Every structure is written in C-alpha cells, then in structure tokens.
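These are the structures in question, set out in turn.
Two complexes are shown next, each including chain A; its partner changes from chain B in the first to chain C in the second.
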Partner chain A sequence: MKYLRIEPRRPKVGIFDFTSCEGCELQLVNHEESLADFLACVEIVNFREASAARDDTYDIALVEGSISRADEVERLKSIRAKAKTLVAFGSCACFGGVNRLKNACDLVAANREVYGAHPKETLPVRAVKEIVPVDLEIPGCPVNKPEVERIVQHLMMDLPFQLPVYPVCVECKQRFTTCLYERGELCLGAISRAGCDAPCPAGGLGCWGCRGPALDANVEAFRSMVRERGFSQRELDERMSFFGGFEVRS
Partner chain B sequence: MLFRTLAKAEFRKLVELLLAANEVVGPKRVGTNVRGEPLHQFLPVSAFDELALDYANTEFPPKTYFLPYREDLCSYRFGDDDWTQDIRYQVHPRVIVGMHACDINGLVKLDKVFTRDTFPSPYYLSRRKNTLIIGIDHLPGPKCFCRSVGADLVERGFDLFLSDLDTRYFVAIGSDRGFGLLQRVDAKAITDEDRADYLALRHRIADAFETHVDVQNLPSLLDIEFESKLWKKWGDKCLSCGACAMVCPTCYCYGVHERVSIDFRCGAKVKQLHSCNLLDFAMVAGNHNFRPTRESRLKYRYYHQHRGFVEAYDEPNCVGCNRCGHACLVGINPPDVIADLQAEERR
Partner chain C sequence: MKVTLNVDLHHLPRVEGHGNVIVRVDRGSVVDARWEVVETPRYFEVMLKGKHFRTAALLVSRICGICSIGHTLASVRATERAFGVEPPPLAAKLRLLAKHGETIQSHALHLFFLAAPDFLDLPSVLPLVEACPDVVALAARLKGVGNRLCDVVAGRTTHPVSIQVGGMAVRPARADLDRLRHELVSVLPDLESAVQLFRGFKLPEFERETEFVALKGEGSYPWIGGRLISTDGVEKDEDEYRAMTNEYVVEHGTSKWCRLSRDSFAVGALARFNNNFRFLRPEAKKVAAALGLAPIDHNPYRNDLAQLVELVHCVHEALLSIDEIQAAPSDAELRAPVVPRAGSGVGAVEVPRGILYHRYTYDSEGYVVSADCVIPTTQNNKNIHNDVVALVHSLAKRGVSDREAERLCAMLVRAYDPCISCSVH
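Moving on to the complex of A and B:
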C-alpha cells in the first residue's frame, strides 16, 4: 500500500481502557464497510475488547477512559513509558467525561450509593493529561470513527492533525438544521467543539458539548444569552457538567 | 427591461411545465418557531402547491445552490505508480422559484467575485448558468433593510421577476431564457392600468420599511472608527460561532482540505465554507493568528462587507436581509452595530 509513492507506516497500536463504558473502543470495530481497510492500516496489539492477543511493544497507545483509582494511575504511567505516541481516546480520557459528574458528589456517599455494603477504592476522576503528558486528544462521546480514521492516516504519514477549533454551530448550519433556540430549546453548540457534524441538534436534542469546549469559547457571553432567553442557571449548569468538558462553578 | 403580465393560473401552468422537466427549488414551509411564526427553507418541490410564495424570509440563503457549504472540487484515484484526476463541472439544470430581490442581488455580488476576476470559478459558473431564476417581490419584514443598501430592486441576475398585483403577476423579463419561457404560456402585454398598479405596489413596498441603515460614507466612517472601543463592546458579546456567515447570502469564504479513503486508493479536495468570525480563519503556519481576538474577527466581518468590498466593487457586500442578525444568538446585527458607530462619531 503506497500513497503518492510513499509507503505509510503501519503503526503498532495498543488499546487500553480505564474508567469508561468502552463505547469508544467499540467504535473502532464500527463502520463495517471500511473495517478491513482500517485494520490493514494498523497492527493492533492489545485490544481486550476484540482479541485475546497481547504484545507489549506498541508505537501508539489509545487510552480510553478517565482515571479514578490508584492502580489505574500506575498502569497509565507504565503505558506512557512504553508508547511513542499516547492518544487520549474519547471524552473520558480527554477531560473526564460523564464520570466527572462524580467529582461534584461526596465520594464516600457516592461509593455507598453505587456499591452499597462493598465499597471500592476510588479517587476523584481525572483526565489522562492530569497524570501523564498526552500527545493527541480525540474527543467525542463516543469518538467519531471517520474522524479516528483520518487521524490514524495522519499518524501513518507522520503529518500533524488539526481538529476543528470552532463551535458546533458551523456544522449545524451546514446541515440546514433549524436552530434549537428557534424552537425555544437549549443547545450548547455555540461553545462546543465541532468535528462531530452536529448530529444532536439535527436529531432535536440540542448539543450537550460531548467533545468539550470550542477553543476560546465565549462562555461568559453564552451564559448571559441563555439567561436572557429564560433558561435557569441550574438547567444550564446541569447540561454543561454532563460530559465534564466545561468548568462549572458550583 | 421588458414587462408582461401573467394571470395566476398561467403562472401555475408555467411552474408545472418547469416541474415536468427540471428540478424545481422554492421556499417550502418546514415548521414553526417558538413564537408561532412559520419557518421556510429553499428546498426541491414536486408540486406547485408545495411552494410557499408568501414566505417572509428563509432560514438559509439560496446561495447554497451555487456555493454549497461543502463540495468536492476534484477527486483522485491512485494506482501503484500513477494517478488520475476527475473534475466535474457539469450540473443538472435547476429552477429556483421565489427568490426575493435581496437574494438575487446577493448572487449578483457573488457573480462579481466568482465570474469576473482573474480566476473565475468554473464550479460557480456552471451552477449559475444552469439555474433559471424566477424571483418575487414581497412586503419587507420589520428587520429587512435591503432598501438601505440598494438591494430592494433587481435589475439583473434573474430570468423572470414577479410582482403580485392580486389578480395577476407583473413580470419583469431579465433574460432571453425568461423571454422564451413566457412564450410557452399566455403572457399579456402590459396596460396603463398594470403600470399604475405596479408603481403603486412599488411605493407600498418602499414605504413599508421599518429598518433604515445609513450607509452613506460608511467606508470612511469605518476607517475613522478602526480603533473604536465599540469593537470590543460588540466583540465581547460575539460567540465566534460563524452562524452569521453561514446564513449570509453573500459571504463566500472557504477552506480546502483533503479527504483520503482509508485504503489510500482515492482522494478528494474538499471545499467547505468558512467564516472570518471563526478562531482559525486567520491562523497560519506556526500557529500564528492574525486575528486572535473576537473583536478583531467581528470587526473584520464588518470591514469586509462595508469597506473592503466597497473599495473593490463600489458597493457593500450586504443585501440587508438581516439573516445574520436573526441567526446571531447574542443579537449582533448590522443595523445596530452601524448605528452604534455612527452615534459614537457624533459624540
């Protein structure tokens, strides 16, 4: 396989899950029509969800999930030590994801609520980059497979990849979706990072910011706009906290 | 310009003739907003009755039929040792019925950009030449300010343009194609009464404008106000979301990226419309950004539309539809921004 007479690298990729629903990993085996070609691009070592094979030498580590236990911290550090490129794979890994909701609770009470009489050892949720340096972030809950494919292609050719930095509204308009605010509904599109192709406003749900904030998002002006439109602080805070990407003062 | 009148039933017949042989796009009702007002978009129709010719404005401009938000400029196939390129300019002929004067004038501005300069765009040209345009007059909405920017009347850029005289349409013929089309129905020569009714309608339309923007000397005012604090005031509100440029009938900025299939056998150059309000619009190598602040980006949107474009083409790149003002969640709109600058100058 050559591209413009250049032989792309076929990197060894290890896939590792931490605190997560494993939905992002599942996306890797999604998009069946291109799955065989995708698998020809990379040599997958260490993919618990799809195969039992294990190999501890890899160029790229795709790290899924947030970090919420002491043993996870140690495992993450040893992966970092081996990987040339460490990718925070999905929103949990990038900024904590839905798991981050836990940080707003009393940890002991939360533990009791979930595990009852058999509490587990747990820490406040952290993003991967809060523990080890991250080379690349692929946000999304879950990640968007076509975007993952593009990023993998860039890694194979050793080219830098630029995620969109602008907000979801651009992609939302480009698919002719009637703005949720026209319907009197809340949407975080104007402060959320694009790249997903705005499926949620199109589906009538509004954006929940699953990819985190757009670069330099104007959260302050956004908050006053939402307030002026009659949404409550609480409703907005709830939505902004959902995927863990925004700083919400509580 | 030549004029005719057309009975309403004849116009229906005309559209049905067009429908039988072409794709016909027109204003279609797509729902209702929270205030109970109807929402419209330019969409393909399959019957005359799907056209909502009395629409006030559409959510998206008809420019997307000429400058799509995304298009493949060319595609490639890679062999082991060579590659082939495929470029397609051919488009199917299309009819757009029901464009308002502002949107037709928007196209006339885009024509200047994409058909006259040193590098005309074959993509734009092929769509433009293969699209028949039937425009229609309407009473302006409360926020329309096309008259202030000289875009309430059309002189060119269309094939036929209708004005509703209740019992019949007064039809301006803008092209040979439009003239030919009228041969296929019973169009009548205009009478003194038609002329009088048409002029009365023109006055009624002109008197109905509620929003006025003084664009006299605006380019020089903008020069003087380049450092004005007002840009920070408006810039602080701006979400840099790009919605304004996406819905604008005249904004034409774009970026090009490559898409390569995951088996590395095919590729395409993809053009995607962009906006000067977006953070990465002026980002260059080494991550340097010429317009890193919201106020500088918002300011340049106004400078391009009301100063730079005027310098290049002797007219603003704004047709006064106020779609940008409507789409902007934080209420940034040309009449208010321009009035604010003018008030500042007088202070």
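Moving on to the complex of A and C:
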C-alpha cells in the first residue's frame, strides 16, 4: 500500500535488553488499542522477553538498558555489527538511567554489602553510546509508546525523525496542569526535553527530567531561579542526577 | 531403558530477565539439573543510601518495569511505617485499585503473551496476531483495562507518578472512573472466554510438596500489609519478614536464595490461593472450581490457573472499589501530613509474583541510612531450582526427547512468571 507514492517498508526489528528494569520493552506490548496495528507495521525477529524465535538478521536493533558487565559490552558490539540502525531505547540506554547512581558508590564496598563473601562481577554503568555508535536515541523512563509509534512510522517511510527540542512546560501547559511552582513544589519541566506529554506534573510528582535536557536549556539560570525560590542545593542535585540525563552529553 | 538428555536453555525466552536451565542426564543418571540466574546486578540497596524519602519510592519503582506499582506501594508503606504516618482511607482505596490494575495487567500479560504460546505450540504470541486475531484482541482488552486502571489512578502504568508518601497526590476524575467501570463490565464476557481457553489447555502432571508463603487474609484476600503465613503453619509479623525469608548469598548466580521450614518455599498466585482461598470473591471461586483448582495444590504449573482465578477476582474487586471511591465525599482527604523521624519501617505487599518486602532505616531528616528489598522471585528461585531437579529426575525415569524435556523445563520456570531482573536488583 503506497502512501504519497512511497512504498512503506516493514522493517525487521530486534529487541535486546541489558542492565535495566525491562519497562521500556514492556511499552512495546502496551497501548493495546493500537497494538495489532503496531505489530503489523514491523517484523519483530528477535524479542527474547516475548518470543522463543530468534533470527539474527534485523535492520533495526532496539537496545534497552545500560551496560555494566564485560559480557554486555561484547554482546552490544555484536549487535552493532549486525544492525543497520541501532536505537538507544529508553533513558538507561541513552544516559545510563537510574542505574548510573551506582557510579557514585564504591563498587567493592557495594558488592560486599549486597553479596558478602561472594562478590559479583560488575563495571561502572555506561550508556550505549559510550561503547558503540548510536543512530537514534529515544529517551524516557519509560519510553512513551505514542512517540515510539511515531518514530516507527518515520522509519517505515524512510523519513528523518526529530525529537521535540522544546521543554516539558509546553506540553504541560497544553494539558492545563496547574504549575507545581504555584503549589511551592519543585519541577524540572523548564529545562527538560518534551515528548512525554508531561504525565508527571499532572500526576502531582513534577518533572524529574527523565528525557534529558531540552535544546539550549539554560541550566544555570534555572538553578539560580530554583535557589531563589528556596529549594536546597541537595534537593535539586538529587533530582537532576536521578536519570543521568543532565550529566552525559554527546 | 537408559535415558540421555541434554538441555541448555541459555537466556530462557518469554520470561522477564536472564536465566538459564541446564540439564544433563547420562544413561539414566542425572549429572546436572539447575536453574541459574545470570542477570546483571544493579545494587539498588546501595544506591538508596543517602536518598530523600521521596526519591526512594521513585528509585525502587525502577527495580521492575512490570510490578513498578507494587514496588512503589511497598516503599511508601515502609516509609509511612517508619514515620508513623497512616494514609487516609480514600488514598488506601485508590492504592488498592491501582494494585488491582497492576495485577490484571501483569497476569494478562503472563497468561496470554508468555504462557499461552506453550500450549498452542507457538514460539510467541506474534503468529497469533494473524492466525487467531480474536484471542489476541481478548488478551489486549484484558491487559488494556488493567493498564488504564493504573493510568487513571496512578498517573502512569509503568513507574507511577501519583502514589506518594502520606497518600495519593491526585484524585482521579469522576468521569474517568465511570468510563473505567464500563470498561470493566465490558470485559466480564472476556473473562469467561479466557476461562474456556485455559480449560482447553493440557497442563503437565507434576507435583512436589512445597511450603507456600503469603500475606494472611483478615476478612478479605490480602494485598497490602498484614501478617505473614505459610502452609506449613508458620505465622509471623510483617516486621519479622527476615525470619520469614532467610535470604542467603550463593556462589553461583546473581540472585540470592531463601528458605523457611524446608529447603525452599514458594510465593505468588498459587501460594496466595493455597493460603487464602476462602477470601476469594464468589465469582473467582466458581472459576477455580471450573478449572479444577482447589487448595492446597502442589503442581507448580497450575500457578497459571491461580493467576486466572486472581484475574477474575481483581476485576470484580475493582468494580466494587470504584463504587466506593465514587461514593467518597468530594473533600475527602487524600494525603496525611508527613514529618520524617529517625527509625525503621517495613512494607510488605503482594505483587503479581508473590510477597515483596521493603525495609528502610531513616535519619531524623528523612534520608535513607540503610535499605533492604526482598523480591518474590528471589524467594522463588531456590524452589524453581528444586522443582527443575525433581522434574528432571522423573523425566530420567520416564524417558522423553530432548525437545520435550526442554519444553517441560521452560514451561515449569515460566509458570512461576519469574521476574528475574527484579530478583537481581
């Protein structure tokens, strides 16, 4: 079926998980109202969490999770060698995600605390792009399925995709959420990249910046604004370091 | 007859996380049979140290994408008990409704997307999309209603945003809950079709006497907090969870193992069913009878059936609970004031795969001093291993093909619906 005289492709997709909660993969089988259509648009050839069938020829590799062990480094490199397009899928893959908080700890002591006399092998957490080149990043903890669907449509039509460059505040205003600052609460919406439809301010949590910084976000001005409003440095730092998005920049 | 078997299931598919099943039977004798967890550890308990109590709940949510609401609920409960805070009744009702949403979503995912392909001899649910679109549509409707419950009540399905220490941040719009009520009523016939479908599946015959651990029902089927019981007659307080789990580190594999009266025990839908059958909704009891499931059932494969019974139970409970929430006055309190204080608290919650425990110790400012999370699949891992060993011994006597042995082992592990990345946190 042609659309604007372009024949859509049905890309072969492999889905791979590394150090993660597998919540981003789970989004692929969520959004049930369009699930059947979504599955018809792509040919899923390798999805261990959902299928026993394995096929190593794929155009697109969706890589979920951060990298924290030597065997993961090797597995990631072999996926990179096979995939035409490698997508860092979710905040763990894009920035290391919450797992990156581990890097602030002494790993030997951490191992002793959790595993006592039988320490396990572990490396400092890295994002996918710190190990292999990444063609496309889809941030989010978890990724936003409607956005993933839009990206897949672009890939089918061979059209470039651009993540929103504007901040979460724009989407937050579109849903008429009362600004958290009016209630005296902290929010990172002004400096965070939109595309999630701002669920966290609407749910009363405020934005924690899971998608990383918006384009040209003036972080310094934001920091002084937040301090002027009386929030502590510790609270702001804890929030800005939570998903790793404000530390790693490519 | 001298049976020889070789099974090497590296990164077992259609389970959450990474685990291996290895079987070697040489001319009738079992050389090796094991369940091995190889997931990469993340050290959540160490990452939690020094975090503010608000951050703790958001962080532990990321232990698991499937039961993130369960982790959040265990976390806020542990914190509230440490600070001596009681969430208002309306908040408690909303939390339980979100919990039902998660159970519906998770059980539907497991039953249809992960377990059912084994009975239909398919590698996954994907070929069904074309072959039996009505079954996939039914699965999507059941899973969808669970997800929408979570969306409306908790702000998001995976990694909720509205569950906070002290209560809930927002009350769902009346119209949204009305819509959900209609949707729940509309899936009641789907539940019947699901029961018919599973009645047609042939579950493997296998039994191994097991101790089952669950929260203790007091008037209703238990989900959040309460005393701990086992089918071997152990009963303990929520705060004594360590004596109920006895976690220990093993040399091989990245998950810990647990034990109680015996060498291992089981938690999860079948464990809840075996301990708390009498508190199920009558509609769910009827389904149990139709499926031939009665307490105490020692066939681990039948955890699938217990999940189906719970799915029915939760849909009916959710309907009642929406009515109660809608009847609450519009100015009913949602959040109790929270004042941090130094001390410890435990939160036990029945998540889809069994009891989850979180325990935190806080300083006087509300920052975490130490944390401990004991995960359902961690509690199950030794029991899964023991089941694999017992199954392989029976197969070594019986004699089956490698393919059949692989199928039976994979189905056995899958029946526990293990959440492996969760068990290695």
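Going forward, the second predicted complex is superposed on the first by the 240 of 250 C-alpha atoms of A that agree within 3 Å, B and C clash if a C-alpha of one lies under 4 Å from a C-alpha of the other, contacts with A are read in each partner's own complex, and residues count from 1 in each chain.
By our rule, a residue touches a chain if its C-beta (ideal position, glycine included) is under 8 Å from a C-beta of that chain, and two chains touch if they have at least 3 such contacts.
Keep in mind it's a predicted model, so treat the numbers as computed, not measured.
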Inquiry  = For A:E74, using the defined touch cut-off, is the partner it touches chain B, chain C, both, or neither? Pick first, second, both or neither.
reply    = neither
Looking at the overlay, what does A:Y166 touch: chain B (first), chain C (second), both, or neither?
first
*asked:* Contact-wise, after the overlay, does A:E7 reach chain B, chain C, both or neither (first, second, both, neither)?
replied: neither
Is A:E238 touching anything from chain B or chain C once the two structures are fitted on A? First, second, both or neither. second
In the superposed arrangement, which partner chain does A:G184 touch: chain B (first), chain C (second), both, or neither? first
Mind working out whether A:A40 is in touch with chain B, chain C, both or neither, as first, second, both or neither? both
* Please indicate which partner A:D158 is in contact with in the superposed arrangement: first for chain B, second for chain C, both, or neither. => neither
Per residue count on chain A, the busier partner among chain B and chain C is C
Check: chain A residues flagged as touching chain B and also chain C 40
Residue set of chain A touching chain B in the complex reads 1-5, 8, 34, 37-38, 40-41, 149-150, 152-153, 162, 164-167, 169-170, 173-174, 176, 178-179, 181-184, 189-191, 214-218, 221-222, 225
Interface with chain A, chain C side, in the complex: residues 11, 13-18, 40-43, 45-47, 49, 51-52, 55, 58-59, 62-66, 68, 109, 113-114, 117, 123-126, 129, 133, 136-137, 140-141, 143-144, 147, 154-162, 164, 169-170, 249-251, 254, 410, 421-422
Touching chain C in the complex, chain A uses residues 17-27, 29-30, 32-33, 35-36, 39-40, 44, 47-54, 68-69, 72, 97-99, 101-102, 105, 107, 109-111, 113-118, 120, 122, 141-142, 199-200, 202-205, 208, 235, 238-239, 242
Given the complex, residues on chain B that touch chain A span 30-31, 33-34, 39, 41, 59-60, 64, 69-70, 78, 80-81, 83, 236-243, 246-247, 259-264, 272-275, 278-280, 294, 327, 329-330
